[in-house]
Amino acid sequence: MTAMDSLTPVLLTPVVTAVLLLLIPGNLRVVLRSVAILGSALTAWTAIGLFARFQPGQVGLQFESLVPWVTVGPLKLAYHVGADGLNIGLILVTGLVGLAAVLVSWNIERHVKLFYVLLMLIIAGAMGAFASLDLVLFYFFNELALVPTFIMIGVWGRGEDRNWAAFKITLYLTLGALTALVGLVALHGAAGADSLDVTVLQRHLAAHPLPAAAQLWIFPLVVFGFAVLVGLFPFHSWAPIGYAAAPTATAMMHAGILKKAGLYAILRVAVPLMPEGASRWLPLVAVLAIGNLLHCAWVALRQKDMNLLIGNSSLAHMGFAFLGIASLTVIGVTGTVLLMVAHALLAGLSFALSGYLETQTGTLDMTRMGGLLRRMPFYGTALVMGFMAGCGLPGFANFAGEATILFGSWKSLPWLVVIAAWSGLVIGAVAMLRALRAVLQGPERPEFARVADAGHWRRLPFVVLLAAMVLFGVAPGILTSRIEPAAKVVVAAHLPSPPAAAAAPASAQPAGTPAQPGH
Amino acid sequence: MIPGLHHYLIVSALLFSLGLLGVVARRNLFVVYMGLELMLNAANLALVAFSRFHNNLNGQVMVFFIITVAAAEVAVGLALLVALYRKRQTAHVEDLTTLKL
Amino acid sequence: MEHAAAAQHAVESGSRLQDLAWAILVLPLVMAFSTAVLTPRNRMLSAALNTSGVVVSFLLSFTLFCVFGGQAVDATPFHWLPVAGLDANIGLHLDALSTLMLLVVTGVASLVMIYSTGYMHDDRSYSRFFSTLSLFVFSMLGIVLADNLLMLFVFWELVGVSSYLLIGFWYEKPSAGDASKKAFLTNRIGDFGFMLGILVVWSLAGTLDIAALKDKLVANPALLGPWAGLAGLLIFMGAMGKSAQFPLHVWLPDAMEGPTPVSALIHAATMVAAGVYMLCRVFFLYTAAPGWPAALGFLDGVSAASIITCIGGFTALFAAVVAVQQDDIKRILAYSTLSQLGLMVMAVGLGARTGDPSASMYHLVTHAGFKAMLFLGAGSVIHACHHEQDIWKMGGLRTKMPRTFWTFLIGTAALAGLPPLSGFYSKDEILAVALEANPIFFGVGVLVTVLTTFYMSRLVLVAFFGRARGEGAGHAHESPASMTVPLLVLAVPSVAIAWLPIGGFLSHHFQPGHAAHGGDILFGPFNHNPIAAFFGLGAAIFGFSLAYSLYGKAPASDPLSPRLGLLSQAMRNRFYIDEIYDGIVVPLHNLLSQVADAIDRWLIAGLAVRGLAGAVEIAGRALRLVQTGSIQTYAFLLTAGVLLIVLLALK
Amino acid sequence: MNYSLITLEFLAALLGLAVLVADLWVPSTARRALGLGLAAALSCLLALAVGSLAPQSGSAFSGMFVVDDLARYFKGFFLFAGLAVVLMAVEFAPKFGAGLSEFFSLTVFAMVGMLCAASANDLALLFVSLELVTVTFYVLNSFQRTRLASLEAGVKYLILGGVSSAFMVFGIALVFGMANSTNFAVLAAKQKELAGSAVFLVGLLLILVGLGFKIAAVPLQMWAPDVYQGSPAPATAFLAIGSKAAGFVLLIRLFIGALPQVTAEWHRLFVVMSAATILYGSLCAIPQRNLKRLMGYSSIANAGYLLLGLVAASYTATSAGPTAMLVYLGGYAFTVLAAFAVISALANHVDGDDISALSGLGQRSPVLAAGLTAAIVSLAGIPPMAGFFGKVLLIQGVLAAAPGHPELYALIAVAVVGVVLSLYYYFGVIRAIYWGGQSANLSTIPVALPTRLLLGSCVVGMLVLGVFPQGLVKLADQAVAGLSHPAAAAPVKAAH
C-alpha cells in the first residue's frame, strides 16, 4: 500500500485541527467554528475516501502502516494501524458523526475554543481507537477521549446533577478500560509473544494456542472490562445519566462512537484469540444481555426526558449487539458489526435531534410538549424517521443489523432471540411512538408558539446522518460484503466446518433436524 | 570476665531503645530531641565495638561522620525549636497539631 | 411526461417483459419522494404526479396480466443482504395470484387518488397526503410482488408505517394521534409473531424463497417436523395483525380517524387484505403434515388450519354483532370489513382441507371493489353533510344525492350477496366450501350473511330514506363530479366481476390439475351447489325484511336498542375489549417498567454505586484519622511500622 | 584517585557558595535577578551533565563514589529539579519575606546532596548524602518563620527525619559489623553467606526503613501529608521530587543492584508495602479538601506505584522492574514540578490553598489552568501524558512475573483500584478549576516569564514522554543494564 494510502491522515486531521484551533484567539467565534467545521469535514471526507477505496471481500488488512513506537526489554509496542472489515465501517461512521457533532454545536456560547478543541480530541481518540491494531495504542486512544468528555459534561453539561454524572461516567469507563488493559497485558504475558500487536498475537496463538486454564481467567477480564465501556446490563447505569447530562456533541460522540470501541475490541481481541474462553463465558454475557434487552427497554418506557429515553433505548440496542457476538456465527457477528455502524448513526442522529429540540423549546421534558409538527415540519419528519429507525423499521440500517443478528443467533440461542425480537420490535416501538405522540402530535401548546424549524445550515447534520442510515438500510450489501471476511476470521475457531475448507456457509442445508430450538 | 562483642551490642541496643522511648514518650520537644541524639550515639557505640573486634578502623572513621552530622543536625534543630518557642511560647508537643487529618 | 417514457423504455428493451414489474413497484416510490422533496408547495402538480404514477402502474399491471395471465415468472432479483447462509434478496414473482392482486391494488388506488383530489381539496397539507398515499401503494405492491419471506416482512412493516402516517394524518386531533399509535403497535405485535415464524421456517428449511420452500415441502412434507403447526400459527399471527383478526382487531375501528379515502383504500380494499393474500401465498405450509412441539402436545389432533378457521369464524360473527348497534357510518363499515375479513380467513382455513383457498381470494377481490365504493360513498355523504358521521342525524338523502344513493345501494346489495352482483358469487363459493368442509362454519356463514344484510339495510334505510333528522343533512347536495365519477366507475366491477371467470382463474392457480367448473357463470352456483346458493339468498332476504320491519318507517331513534337493553349497550361499546386492553395490557407494561425503573434507580444506581462510593469515602475518612497531627503518635506508629517490617521480612 | 568524576558536585557546591557570597552585594530589590542568574547557571550545569562533557564511567574514593549510566540519569534528573525549584522560588519570593537568597543556596546544597546520593556505592556515602539532604530540608521546610504551619512542618520533619536516620545509622552499624565493610560491591559478594545471619538482615531492614521514610512508603509515611501542607510550595516540590528520587536511587542501587538475593527473599514484604502504600495514599486523599495535603497523599500513592517496580525486580531477574521505575520517575518529575509551579504561582493571588480557592481558574488564567490540568491528567495516568506510560510499564513488569503467584494478581487488582480512586480526587481538582463554585474575584492572574517558561517545558516534557517515550525508555534501559553487572552476576534464584 502506498504510504499516502494509509489510515494515518484520517487520524492526524482532527489532531491538526485541534492544534490549529489552539492558535486562534478565543474571541473570534466565527473563525473557530469554521475551522472546526472544515477540519471535521476533511476528516469525514478522508474517511469516506478510505471506505470507498476499501476492497470488499478481501481477507486481511488494508491501508496498513507500521512505525515502531516503544521497545521495553521483551515488549515491543508499535504504531500499527490498519483497516479490515471490522473497523472500516466504524471509521467511516466516526467521520460522519464527528462532522454532525461539530455542525450541531452552533448553540455553544461559553469557551467556544476549548469546546471545539476537546471535541476534536474526542474524534481523534475514537478514530485512533478504531484504527489501531496495537492493544496499548488502542488503550492510548480510547483513554485520550476520557478527559475531554469529563470536562465537557462538567462545563457545558445540562441538569443540576451533571457533576455526579461526569464523575460516574469517568470512573466507570476507567475501571472498565483498566480491567481490560490488565487482561490484555496478562494475555500478552501468558501468550509469551513479544508484542501486544493483534496480528502478531493472532499468528502466535494460532501456532501454539493459549492453555484453556489461562483463557478461563483472562477472557472474563477482557470481556467484562470492555463490556463496562459498552454498558452491559449490571454495569449500565452510567450511560443514560451521562448522556442526559452531556452537551449534544459529547452525547453524540459517546453514545454513538465511543460505546462501540468496547464491542470492537471484544470482536478484535477477546473472541478470536481465546476461543475456549469465548465458548465458556459468552453464554453468561448473553444472559446479561437479556438485562439490556428487557430491563433497559422497560426503563426507557418510563422516561419523561428525551435524552434518558434515547440513552436507555440505545442500551437496549446494545443487547442485540451482545446477542450477535454470543451467537459465535458468521451471520451473527456480521450482524453485530452492521448494527454497530447503524447504531452509531442512529444514536448520533437521535441526540442531535434532542439537542436541537432543547435549543428551541428550552426543555427536554416530553410531557410538556405537543403538536410541534406544525411549526417544525422538517424537524418533525427527521424525528419520525430517526425514531422509526430506532424501533427497527426496514429501510434503515438498524433493521438490517437486527434482522441479521436474529437470523444468526436463532440456532444457538432461540429463547434469547424471542426476547430480543420482543424487546426490539414491541417495547422499543412503544417507547418511541409514545415519544412521537407526546412531542409531535396532539394540539399545539401556546408556550411553544415561536419554535423555529431547522434552517438550511442546521439541517445538514440531520440530512448527512439520515442519508447514511437510508443508504445502508436500502443496500446493506455495501457493508456486509466488507464485514464478512473479517467476521469469518473472528469466529474461525467456532465454524462447524473445519476452517481449512473454504468457509462453506455455516447453515447450509442442515442435515436432519438441527438442535431443536427451545427445549 | 572481659566484655565480648555481644555485651557491647546489647548495651548499644539498650541505649537505642531508651532513646526511642524518650522520643516516643516524652512531651517536651527538647527532651525528645535529646532522645534522638541518644539513639545516634547508640549506633556510634555499636560501630566502635564492631571495629574494635574486627580490628578494622573503618568503623571508627564512620563514627566521625556520624558525629559531625549529628552536630549539624543539633545546630539546625535547636535553632528551629527556638524559633518555634519564640512564635508559640511553648515547646509542648500537644500544641503542634494544627496540621492534621 | 417522464413516466410514459419509462414505460416505453421498458417495453423497447424487450429483454424480459417481467422486469416491467420493477417499474410498477418503483414508480409510486419515485412519485412519493419527488412530491415530498421537490414540490411540497405546488398542490396541483403533486396531485397530478402521484395520480398519474399509480395510473401508469395500473396500465402496466394490466399489460402484464394480459401478457402473462397466471403463468409463474420471476423478475431479476436484487441481492439485498448477501451474507453467507442467508440468501435475503429482493425478487419479484408474478403469477395468477399476484397479477390479480396487482390489478386490484393499483385499480382501487387510482380511483381513490382521483376521488381524493376532490375530497381533500380544502385540506392544508394536500401534497403530503398524496406522497404518503403513494408510499403506501409502493409498500403494498412490495407485499404483492414479494418472492421471499424476509422481503415480505420488510414491506409488511413498511405498510404498517404508511398506515401509521395516514391514520395520524390530521395529527392535531389527539384521537388521530392515539389511533395511529394503537394501529402501529398492534401491527407490531403481529409482526413479532411473523418474524418468529420466518425464523422457524428458515432455520428448518434453510431457505427464505417461497417457491423453493414450496418445492421442498412438496418433496418432503415432514420437512418442518414437529414445528409445522407452530410455524403456521406464528406466520398467521402476522396476518392477524394486518387483517385485524380477533384479538388484534382493536385498531381497525379506531383507524377511521384517518381521512375517508384512506379508510377506503387501506382499511377496506388493500392493506387489510394483505393478511389473506399472504396466507394464500404461503398456503402450502398449512397443507403440510401438521405437528406440534413437545411443549404444545395438547394440540396434537388439531391442525393449524382449523385454529385459523375458528379465529376467522369468531371474528366474522363478533364483528357482525357489534356492527348492528353502531351509529357512526364509518364504524359500521369498519366492522363490516372486519366481519368480511373473518369470513375470508375462515375460507382459507377451510380451504386447507379441500386444498383450494381460491374462494377467499375471489371474495377478497369482489369485496375490495364494493367495500371501497361503500367507503367512498360514505365519504361523499360525510362531505355533503359537513363532516357529520352519525346516521341518526341524517335522513332523506335519497332525493338530495341520487348518484351517491344508487351507487351505495348497489354496494349494499353486493355486500349482502344478491344474485346478479359480484358479492353473491364470491360469498356463495365460501358457503359452498364451508358446506363441503365443515357444516358448523356453514351455519356461521349464513348467520353472518343475515346480520350483514340487517345492519347494511339499517344504514341505508336510516340514512337515505325518511326525513332529514339533522340540519347538516337538511341542505345536503350531490358531491362534485370528481367524487361521484369514481363511485360510478367502482360500481361497474361490483356488478360485472361475476361475469369474468375469476373463480376458475384462481382455482387453476392452486390446483392446476383440477378441472375448472366451466359452463354458464351466471347461474353456476345454483346448479353446482344449490343448497349453499339458496341458503345464502334466503339469509339475505330474511335479513332485509327484519331491517325493514324495524327501520322502514324512518323512526327518530334506534328502536332496537331499548329492546336489547344491556346487550345493545355492550355492542355499542364493542364488548369492552378496548377497555380490557387498556385495563390489563397497558398497566402491566407500565408496572413492569416502573419495577425496572425502580431497580435501576435504587438498586443499581443507588445501592451499588452510591453505596460503593460512600463506603470508599468512609474508609478514606477512617484511615485519615490516623493522621492525628501529634508527633508522638507519628513516632510511635513509625516504630510500630519498623517492627512490622522486621517481623514480616524475617518470618 | 580521579577527581574528574566529582566535578559536577564540586561546581554545584561552588555555585551555592557563590550565591551566598553574592547576596552580600546584591541590593534587596534585585534578589529575583539573583535567582534568575542562579537558574541560568544551573541550566549550564544541566547542559554540562547531560551533554558530551558528562563524566565518564568509573569509581573514585576506593569504590565509594561511582559514576555510571544510572548515576548520570539521576544527576540530570536532580539538576532539572533544582533548576525548577529555583524558578518556583523566584515566583514565590514575596511570600518568603527575608532571606530569599539563603533559600536559593540551600536548594543548591540539597541538590549537591542528591547528586552524591546518585553516585553513592557505599553505606557511608549513602548516610552522608542523605543526611545532607535531610538537614537542608529541615531549614527549607520551615523557611516561612512567620507562619506557624511552616514551623510545625519543619519540626515534624526534624523529629521524624531524625528518628528514621537514627534507625538507618543503627542499621548501617549492624551491617558493617557483619560484613566488615560498607561497600556495596563487598556486600554483594558476601550476601550469599550472610543470608543466614539475622543481625545482617535486621541491619539491612533498618536501612530500608531509612530509605522508606525518604520515599514516604507505608508504614513510614505519616510525616508526608503534614509536611507537604505546612512547608512553602517550592520546598514541598523539591521534597516531592528530589528527596523521593534520592531515596529511590539508593534503594535501586542497594537492593536491586547490590543485593538481588536479599530482595528476592523479601518479596512478600515488598508486595505488602506496595499494596498498603497505594491503598493508603488513594483512600486518604478521597475526602481531602486541601490541595497541598492532597499532593502529599498523591505522592504516597505514587511511591506505592514505584514500589511495584521493586516487587517486579524481587520476583524475576529481568530489568523490567527498575526500568519501569526510572521511566515512571522521569514522567513523575515533570508532572509534580508543573503542579507545584502552578501552586506557587497562585500563592500570592489566592488566599489559602483549599481546592475551592482554585474555582474560576479557567477564566482567571488559562495558562495556569491548562498547566494544572495537564499535570493532573498525567498524575492520574491518562494518555497522552507521561504518567500513562509509566503505569503501563510497571503493571506490565509485575504481570510478566505474575504467573504462578496469586499475590501478584491481588497487587495488580489493588493498583487498578488505586488508579480508579485516584481519578476521583484528581478530577475533583479539574472540576474545581473549570466549574467549581462561583469564586469571589475573577481578576486575571498575571503569570511571570519564569513560571511560564517552567510550566511550558514541564507540559512539553509530559507530552513528549507520553507520546514518544522511546528516548527515555532507552536511557532507562541503559541505566539499569549498567547497574546489574557490578554485582558480579551472583546466581539469582527467584524465591517462591
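Note that the chains take the letters A, B, C and D in the order they are written out, and that residue 1 is the start of every chain.
Going forward, a contact is a pair of C-beta atoms (placed from the backbone, for glycine too) under 8 Å apart; a residue touches a chain by one contact, two chains touch by 3 or more.
A quick note: this is a predicted structure, and the numbers were derived from the prediction, not measured.
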Per-chain CA centroid nearest to the all-protein CA mean: A
Pair joined by more contacting C-beta pairs (B-D or A-C): A-C
Where chain B and chain D are represented by their mean Cα positions, the distance between them in whole Å: 26
Between chain A and chain C, centroid-to-centroid distance (C-alpha), Å: 37
Between chain B and chain C, centroid-to-centroid distance (C-alpha), Å: 98
Averaged-CA centre spacing for the pair chain D and chain A, given as whole angstrom: 42
Touching two or more other chains - residues of chain C: 624, 627, 629, 631, 635, 639
Shared interface positions of chain A, touching two or more other chains: none
Of all residues in chain B, the ones touching two or more other chains: 20, 23, 32, 96, 98-100
Touching pairs among all chains present in the structure: A-C, A-D, B-C, B-D, C-D
In the complex, chain D residues that touch chain C: 155-156, 159-160, 163-164, 167, 198, 201-202, 205-206, 208-209, 212-213, 218-220, 222-223, 225-226, 265-266, 268-269, 272-273, 280, 283-287, 421, 424
Parts of chain A lying in touch with chain C, wherever the complex brings them together: 168, 234, 236-237, 241, 294-296, 298-299, 301-302, 330-331, 334-335, 371, 373-374, 384, 388, 391, 393-395, 399-400, 403-404, 406-408, 410-411, 417-418, 421-422, 425-427, 429-430, 433-434, 436-437, 440-444, 475-477, 480-481, 484, 488, 503, 505-510, 513-514, 516-519
Touch list for chain B against partner chain D, complex: 9, 12, 16, 19-20, 23, 29, 32-33, 36, 39-40, 42-44, 46-47, 49-51, 54, 56, 58-59, 61-62, 65-66, 69, 72-73, 76-77, 80-81, 83-84, 87-88, 96, 98-100
Residue ranges of chain D in contact with chain B within the complex: 124, 127-128, 131, 135, 138-139, 142, 145, 148-149, 151-156, 158-159, 162-163, 166-167, 169-170, 172-174, 176-177, 180-182, 225-226, 229-230
Footprint of chain A on chain C - complex, ascending: 79-86, 88, 150, 153-155, 157-158, 161, 165, 168, 171-172, 174, 176-178, 180-181, 184-185, 188-189, 191-192, 195-196, 199-200, 202-204, 206, 225-226, 293-295, 589-590, 592-597, 599-600, 604-605, 608-609
